[in-house]
Amino acid sequence: MEKILTKKSFPLWVKELVSYKIYAPQKNGDLWNFETIKKPESINLDFPNTVLPPKNIIFPQREVLLEFESSNENKLQVKETLPDDDPTIIFGVRPCDAKALTLTDKVFSGDFKDPYYWKRRNSTVLIGLACNIPPSPNCFCLSVGGSPHSKEGLDILMTDLGDKYFVESLSEKGSTLINLAKPLFQQPKAADKKAVEKTQAEAEKKITRQIKDIKKIPSILKNMFDSPLWDEESLSCLRCGICTYLCPTCHCFDINDEVASSSPVKGKRVRTWDTCQFPDFTMHSSGHNPRPDRASRLRQRIFHKFQYFVERYQNYLCTGCGRCISKCPVGIDIIEVLDKVRDYGS
Amino acid sequence: MVNLDNLKKEANRILKEEKVKYIIGYKKSSNGLFTVPAFIKNPEEVEKLTWDPTCVYNLTRFLVDEKRKKAKEKEPDERPVGLIVKGCDSRALVVLLQEKFINRDDVYILGVSCEETGVLDEKKLAKTLKGKKVKNIEFGKNDNFVVTTKDGKTEIPAKEILAERCLECNANFPVISDILFGEKVKRKSDNPFESLEKFESLSKEERWTFWKEQLDKCIRCYACRSVCPMCYCDECVADTINFAVIAETTAEEKAQKIKWVEKSPVTSENFVYHLVRAIHLAGRCIDCGECERACPLDIPLRLLNKKLEKEAKELFGYEAGFDADVPSLVSSFKDEDPEDFIR
Amino acid sequence: MAEEFEPKIVAFLCKWCSSAGSDLAGVSRMEYPSNVVPITVMCSGSISPLYIFSAFNRGADGVLVSGCHPGDCHYIKGNFYARRRIALVKKLLDYIGLEPQRFQMSWVSAAEGKKYTQIIKDFVKELKPLGPQTKLRRNL
């Protein structure tokens, strides 16, 4: 379904959606992040990239998996704590961040479908906003199979056409939302479609960064496990978690028991984000750590994204949002690292 | 003004004469405006070295990695590491020397003076130029920065785009060095606690609301800890495991490891982490401002550390990073230390 | 009528003076509020600021650190170190907006059972109007 929505009508549409929990990019200080909105008028879709991707709405940094408590007979009672499945809408999802969710979908599916992830995922409608201007100077979505107007993973894609949005419904969930406020939407004219095509073509041209010959990378990496390159490239790495915590595709987690009382035993089992960049990520209880240094941790990040994941799911675990480049406190640049990998192979 | 050619000449000399293992300095990043840390091993690479207002990093931090690496080597190279330091970085070095974390022989110090300026704040620059892309930026005359954009060169008064920490810096030249580039000029009339004093005048509840909002943003990426030259503990209270674990450690010992801070990024846990970090930096933080710069969520961490810097100065007359031979703030005392708060 | 709020106080007492002082109060049958959870440590100088933050984190409404009078430290100067460190912790907690009344330090000798009871009485009296400490309390 393709429609036109004027910018004036946009808040009216949002008003029709009040039964949903609505997230949209909100500005706090100099930073944009996805937050729940109180007023429909407060949605401003003219924003650069959010610091955090909307990943944490579907896969929160902290998730309570179960609660436990010992009863009178000294038996342990365990209660599963599934998240609420309140219908949720996220406005302003960038195509790269939406695509990232299709990748984490793969991870949380398989033989065991993670109920915590899927409960949130299934109750959330993703309304995307095509990037007419790259939201970050380090955008490189075109190199990893995405585009500034990719529809992958989205329920609706909106394209800004000046005083109106071109609204394209891509799923049943999306159509439902449009049908809730049918009179606000108009049929697009041929000129509108042309304008969309033109904007999209121009948007692609504005993306300046790219990974050349990315197709070669997975096979080159295969022979690079023991390469001295990792030592060289990780010299300035600080072992912080910025690159992975801000990544829309990184999904590693840790599970801990948060014990509120030891007698009687009472507490919660909690899942929190974890990252391969922390020294304790693969620390064994024997004291041995198979990834003892920065080099092996940088290698793990690159291999997971451009080798292991490709072999297993035929996709790069990277959607080119550029957050890890922009926010790295010492300027480590994943594109540069991959350039060196490619040079190494040739 | 720092003469880059002289700096390169000296770097070339010490590498050629094999006086140092390698040099930690700054080089232009291949993408964009900012510099990145450079690890120069051969005289041929010296050309890469640069010095401009984007040299924000505190390279002293990398001595921590160097020490750890060296400890693992069977036959370590005992030569020093060449290190380029600004004023703030040199004070961090003094604290590491004071704490005997490193020896003076471990490092050959190439000091660069910020003179009347300092390093810039990326965000301030972006705001001033309203998104215009910068091609180059260098130190100019009269405390100006010369910024080159596609429209040509413009001069911007350094004060407008200097990092906040530089505006409040009270020693903008290296306090220790083997060779110094630039002049030891002290900038005048700066109040090192200006932003802090403004904040202190708020009411208790306003301060609480502020810190709660700020620390609630924390995602515990630990960039503040990782970028800090003073955060060199082998084991941090915020980590969930004990790095002192060896093959012989018993299960019981492991089970009894106290979990001071949960991994969950919630108010109570974030506060314990940040309060512990702040107090552990008391009398050690030299306000290089790297924690605040690194924070992806713009938590004003300097405001936390500055408070204890000010109290150390006012209560105990102690300033960190000027003298490696005095005992540290919390390993010393005076009979006349204030005790009016004690019952 | 609602039950009156009873604050929970964690008191870090040095083994040689303050803890002995509290014992003296006990064996002398002096009366004082039962709001205190005493933790005996070897010296006030051995109290890490982490213990104090952790006590608030686990739900203390007030924290007391108590050691020997200056000059009386069993380890000669442990309490002088404590005095410096605690001053900084106190400033920091006040700075982030915790009520300053919630964190106290005192000198109590082994002979000052009476003083100990008075300190606790005063502390409880000051904490009651503040109500429970929720700012730093863990609520997971």
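Labels for the chains are A, B and C, by order of writing; each one numbers its residues from 1.
Here, a contact is a pair of C-beta atoms (placed from the backbone, for glycine too) under 8 Å apart; a residue touches a chain by one contact, two chains touch by 3 or more.
Only a predicted model underlies this, so the values are computations on that prediction, with no experimental measurement involved.
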{"item": "Chain-level touch network, classified as line, ring, star, complete or other", "value": "complete"}
{"item": "Most distant chain from subunit B by Cα centroid", "value": "C"}
{"item": "Of A-C and B-C, pair with higher C-beta contact tally", "value": "B-C"}
{"item": "Inter-centroid spacing, subunit B versus subunit A (mean Cα positions, whole Å)", "value": "31"}
{"item": "Chain centre separation (subunit B, subunit C; CA means) in Å", "value": "35"}
{"item": "Distance between chain centroids, defined by C-alpha means - subunit A, subunit C (Å)", "value": "47"}
{"item": "Residues of subunit C engaged with two or more neighbouring chains", "value": "140"}
{"item": "For subunit B, residues that touch 2 or more chains besides their own", "value": "262, 264, 266"}
{"item": "Subunit A residues counted as touching two or more neighbouring chains", "value": "258, 270"}
{"item": "Residue ranges of subunit B touching subunit A (in the complex, touch as defined)", "value": "29-32, 34-37, 39, 57, 61-62, 65, 123, 133, 219-223, 225-227, 239-241, 243, 245-247, 249, 254, 262-266, 290, 293-294, 296-298"}
{"item": "Interfacial residue positions of subunit A with respect to subunit B in the complex", "value": "29-31, 51-52, 61-62, 137-138, 209, 235-236, 238-242, 245-246, 254, 256, 258, 270, 272-275, 278-280, 283, 285-288, 294, 325, 327, 329-333, 335-336"}
{"item": "Subunit C partner contacts - residues on subunit A that touch it in the complex", "value": "258, 260, 268, 270"}
{"item": "Subunit C residues touching subunit A - in the complex, by the definition given at the top", "value": "140"}
{"item": "Touching residues (chain side subunit C, partner subunit B) in the complex", "value": "49-50, 53-54, 57, 70, 77, 80-81, 83-85, 87-99, 104-107, 119, 122, 135-140"}
